[in-house]
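Worksheet for the structure shown next.
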Amino acid sequence: MTTPQVPDPATLAPSEEYDLYFGPNHPGIEGNYSVRVRLKGDVICQAVADGGYLHRGFEKIMEDRLWVQNIALVPRICVPDPVPMEESYARAVEMIGGLEVPLRAQWIRVLMLELSRICAHLFTFGGNAATIGLYTNMFWGVTMRDLFLDIFEEITGARIYHIYITPGGVRRDLPEGVLERIEALLVELEERMPQFEDLFFNNAVVIDRATGTGRMSAEEALAWGVTGPNLRATGVASDVRRDDPYLVYPQVDFDIVTETGGDALARMMVRKGEVVQAVKIVRQAIAALRKVGGPVRCELPNPLAWDLPAGDAYARTESSKGELGFYIVSNGGPRPYRVHVRGASSMHAVQVLEKLLVGSRIEDVAQIMFSLDACPPEVDR
Amino acid sequence: MTDKPLKSHVRPPQDTMPGGAGQGCPAPDAQTRSIWRRIMDDFADHCRARSLFVLHYCTGCGAIELPPTITSRFDMERVGITPMVTPRQADILLITGYLSLKTLKRVILSYEQMQGPKYVLGFGSCTINGGMYWNSYATMKRLDQYIPTDLFIAGCMPRPEAVQQVLLKLIEDIDAGRANAWQDYYRNYDFYLGNQQRLFGAGWNTPTDVIGEARHYGYYGPGTEGEHTRLLAEGGGSAARLAHAEYPSTALTGRIKS
Amino acid sequence: MPRHGEGHESAHDKLKRAQTLEEILETALGFEATARDFYAELAGRVSKPLRELVEELAEEEKEHYRLFSELKANPDIAGALKELVERPAEDHRFSDFIQKPDLGEAPDDQAILQYALAREDAAAKQYAALAQSTPEGPVRDLFTHLAKEELAHKAELEKRYYEIVHSGGV
Amino acid sequence: MSIPARLNEVLNELPAIQARPAGARRVRVDVAPQGLPALLELLKGRLGFIHLSAISCVDWIEDGQFELVYHVWSHEMKLLVSCHVRIAREPGVYVSVHDIHEPAGFFERDIHEMFGVHFDGAPSMEKFILTSWEGPPPMRKDFNTRKHVEETFEWVDYRPDWLKDIERKGGGIES
Amino acid sequence: MSDIAPKYKGSMLRPLKALSFLFREPATLPMRPRPAAKVYRGFHLNDWEKCVGCATCQQICDNDAIRMVHIPALPSDPAKGIRPRRPAIDYGRCCWCALCVDICPTGSLSMSREYIHVSRDVDSYFILPDEEGMHGVRYPQGWAKDENADLLDLKRQEMPEEPPQERADNFSEICEGYDPQTAMLEASRCIQCGMCHDACPAHMHAPEYIRAIFEGDFEKSVAEIYRTNPFPQVCGRVCTHRCETACSIGKRGEPVAIRWLKRAAVDNVPQDRTIAIALKDKAKTKTGKRVAIAGAGPAGLTAAFDLAKLGHEVTVYEEKPRPGGMMRYGIPEYRLPYERIDADIAVIEAAGVKIRCNTKLGRDVTMAQLKGQADAVLLSTGLNKGRSTRIPGSDHPQVRAAVDLLARITLGEAFDIPASAVVIGGGNVAFDIARSLARLQRRAFGKVEVTVLALEERDKMLADEEEVIESAQEGVKLINGRGPKQVVIEGDALKGLETVKCLSIFDEQGRFHPRYDETDVMFHPAQMVIEAIGQMSDVSFLGEDLTEQLEWSRGRIRIDEAGRTSVPWLWAAGDLVKGPDVISAIATGHAAAASIHAALMGETEAREAK
């Protein structure tokens, strides 16, 4: 076997542009994703996203499982924020089947959704700071998030993949004393927020690096299909919980946090505000759950023999990444005929990222991607 | 996967006799090493076990449990384990859960670039027998068919404490000199290459000259070359392999509109 | 061949007079023999479905006969008796308050079984009564043992009766 | 849950349209293939349906058709309109609407990859996710993923000790 | 670097704020695994006592991770729905979603709080969970089934019934049956574990016909039923439903109403369609063989149906005016209306079976004639004579046998209805006659005076539970633990029955060994005493020489497992040889038909037929 000959560089065409593979093995990328950028010096003049590294063919194997069996699959679609996936799937099935979710289960779902939003944002605080080189925030964010995972473990029996929300409600009632422990944790989080601000949000270096990075205007955002915190960072107060309310969100009092900058900093500030709002919602949920009794799941037929009536439904949920949509079609059989998952990041991680990267500098690629909170498994499914 | 090689192929026995038939210096096995060599090896093992670098590559969904394991709550730095960005400097390759075929190619490339001795840990059910995605067309089912795996851990996904335990067990194995699954990649390269070609077609190859390395390290055994490596050679010399490599630099220009 | 049924009254007096163990066993063997011969003769007269049942009854009586004769031949009767007596046995009445029917010419299975049950019960009662009336000692032990044997046999018949009459031979 | 008046006016201007409410803040519109771009234009221009939430594709293999569903949302009217279009499965070609809604670029490429529907004029019909997949478009109903897996992969044949001594005693795994 | 906005210019001392961290609890946990939460989903536990091997966990597992392992040493009891196999779980597939735990009918499967298993050996990931847990360390239980997390529907659909006051004085049917919608709901509860198929003497394809009902295809359901049971109308009402005793859902909830679903299926298919379905596999060609069957009970007619479908010429001889045997003359109409029996028999006659009624074997036709006219003869005359306790006075004319009275009621022959009556016996027959008499009394006298005297205690009664409950609602009195002593007669008038207290019926080994308390005697005044203690067959029609030729065992004709007697051309089936219920009779009918068919077509070596 001869040793590999490397072509003589002199024979290559002269070019002051060169291509760089950013990922898939790169610490700055959240998950397994890559962007091929063409650089002119440090400035990016062309970016092409390349995903598919986390593709498992969810929508195909979901067609091969019973309605109830899919509740084990759906949380795995987006790893940092699994609860909206479970809730959206469950709600789409309920819309087709006409199932009535008891009030207590709805409040438990709101509690889970908001706790999961806090976890996802804490994780993004850490990640975003890491891409700027500020690792302390990563340590704090992930550790604080871990305390919330302990709460999830206590309620649902698993840290990350709860498999807790099922069509018709939730699988078990809350263990006693968990509401008090959540309140204590919220107080601890609120005590930590000032320290986060000192370290990160009011950090001069971060502000300088984040201002103007990956800026997009409100019109561009709306045109590009941006949703969630990224859209609110451009000043558009659009939130699925308010525009297309579901569960008991109409009864929940929270305000939509918006910024005007439209850049990485604004996006982080919106997320910080959303954590504060989420804490407010969780407190309301806890108060409601102390009053509302009753079952946590409506009467479900035997899962091995449950034919959902033919029909389709598009359930939209506000996940921490943006607008999450589950379009489910049933042909009256025991298994879904078609499930289409519209992840928020399928917009943010591909076309939006490619547009934002053009003109920005190579050291900002990771920060822009993390500030968009683009979660690759949502894109590849 | 148009021209698929033979469906099933028997994997040659693991432990080949020291001083095997192949060329190059015989593999240094425990008994014949000099006292001095054995002291140095044990000392090297001891030091290596205390400062393992994990390749920072989130291959699957289990990677979400790595930040807690590495950051302050479960802090694996206490036993000297920290993430490392590049394969060249990494010791451990964590396969955290399922591997889609596209990622499997990158994992094999990264694995071959890592310096021996290197260790592979399989997290969760997906690496053992397919896990949840057993009926998916897009994921590999058994990790130990494509790269040699030191330890598996049960879980879907394993908790940080479980990750701690597998890393501690790995440290123990390294100390005891048992963690040498990586040598198996050289000894039975044909078996691994066969499985890889079965997924990616006979033309699949990587720029690393594994057979040359096997000879260099002295792990060349009867399983290193065989029917699949012959297919590899037939696919043209190293130049062809470079041209046909997975990531031709011209791909980008083709699409850019001037 | 003594007419069936009346043999027992005279047996009571006969046994009363006999003192030694051998004599008692001798008379008991006599009763078993008469029962065995009675059933053997009856087997010939009944229709085939019942013949098997009656032959089994004859077989059981023959078994009894063998048991008692073995006991008789055993030199140390007293010793053997002691441990035989320990085994507990209680007295049970019949499921249908059975009276001893007059078998007549073509008795059916229920009639035969009721006759056999009544006969066993009468024998057991009689031995038990004799055991009460004799002082402590080998004779009393023998009578108790005989009573227990008859009771065990009756329990067996009771089970057969339930199977054939009540559950329709299922 | 009736159809808002303003929407009704717009819908009546277009030929071959059926619309019906489909739940809270949901309206379903069935439209002929050639009428869709016009419908999207009208909805976007007149009623503020600027947000294309998703384009879903359903493979009705028995009817030999693909059903494309365009979910558009209007921030003003707080309403989601799902426009359902049926196109023939062979040759499975349709027109791109990326000029009306920019996000369509991703969805069309995704549907092309997964179902093999070709969108004329789409910014890019290249593979994005399945670059390592040479098989047919996997989401089509005629592609059986289980059969493909059985042919391509082998399963672990577990031989733990407890199984061996159960087999020695005559037991074993039931098929 | 652009100049920093004043607001963010921290003072020199700002870093000192970090000193506050010195006094805070470190977040780092010790390097030991923490105990998991109370509902944690860890490695599986399985309570082998409760587990019955129904494999429902294997069905619900979305990752095909569970394999059933057959273990011969385990208890196996098809009648109670227990199979000697346990689930083994492949931790190379499992996703710990605990759907298997939530659907487990017996609640034996649960999850422990153990979550660490590290190994190089792949085989160690295939485990057979028991109570010890994966590594035998007995971790506490984590996720287990509770009422919220139960995926199974443990309540049965209500069966609409006539209220007591409406049914007390008439023989109209009590159960009104499921309407199609309720039937489909009830059928959806079935988890297809197949325990009922094993428990049923005729091995009916219950899972298949229940699934067909669930899919709304009642005709397919009827087709599945007719594979093994030509009496869906009858069995849908009066079967002893052993399948429901074995039903896995019955372990913790109410079993699936398998019997009533049979009825729902056949009630929703028009009679002509049922006939077409039942005769789908009728042989086109006649075999030219002739079979004579004595007794048109369930066994005889089942055999006739099978043989007719196989192309044989079948004639059934029945002594009573209408076919049906004990189904018609032993079961009152409020349980099984006669037109339902006729519907089933109509299907059988449509297969070409000729039934000759009012021809008693031994009187109108002899065994020799049967043998002459047919290549094979099947005896299925059943047990139609009542047993008497033969207690003193039991030969009085007012001491009647229950089966005779029930037959009279069906035949419509009038008999002097007693103002008060006493029934000896605690089985279904006793309650049938008691409730029939109660209806007749209410119609004749406006009040009910019937007392049932059962040997057994209230909780160990032989009769079905609903019989005992419904009879009490209709005014029938019940006294437990009474053994009959004697019938009290003054002059030639019957005064009543004397009974003694029965202390216990079975001894410790469970053998029948009644013990009485002689002193506790009760007197029950009654004008009639009805004995319902058992039945016997009347085989006098065989004649002397055939009786001698035949082999007998325990007073009944000896048959091989297929129902063939020692006489090559004679078979026997039904209660005559093997009881106790309709479904067993059907099962023996099938066996006999198959054996006859095999013999007639010479598949077995052609033993000298005649």
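For clarity, chains are labelled A, B, C, D and E in written order, and residue numbers in each chain start from 1.
Note that a contact is a pair of C-beta atoms (placed from the backbone, for glycine too) under 8 Å apart; a residue touches a chain by one contact, two chains touch by 3 or more.
Model, not experiment: these values are computed from the prediction.
By the document's definition of touch, common neighbours of chain A and chain D comprise B, E.
Identification of common neighbours of chain B and chain E yields A, D. The greater number of contacting C-beta pairs, out of the two interfaces B-D and C-E, is seen for C-E. Taking the mean of all protein Cα atoms as the centre, the chain whose own Cα mean lies nearest is E. Centre-to-centre spacing of chain A and chain B amounts to 31 Å, using the average Cα coordinate of each chain.
Rounded to whole angstrom units, the spacing between the C-alpha centres of chain A and chain C is 90.
Chain centres here are Cα averages; for chain D and chain E they lie 50 Å apart. Taken residue by residue, chain A touches two or more other chains at 52, 55, 57, 60-61, 64, 72-73, 143, 161, 380, whereas all remaining positions touch fewer. Contacts with at least two other chains are made by residues 72-73, 102, 128-130, 132, 134-138, 156, 159, 255 of chain B. Interfaces, counted as pairs of touching chains, are A-B, A-D, A-E, B-D, B-E, C-E, D-E.
Across the complex, chain D meets chain E through its residues 156, 158-160, 162-163, 166, 169-174.
Partner chain E is touched in their complex by these residues of chain C: 47-53, 90, 92-99, 101, 109-111, 114, 155, 158-159, 162-170.
Within the complex, the chain E residues that touch chain D are 67-73, 85, 88, 90, 92, 122-128. By the touch criterion stated above, chain E contacts chain B in their complex at residues 26-29, 31-34, 43, 62-65, 90-96, 115-120, 122, 125. For chain B in complex with chain D, the residues that touch the partner chain are 1-2, 8, 101-102, 105, 128-130, 134-138, 140-142, 145, 198-201, 255.
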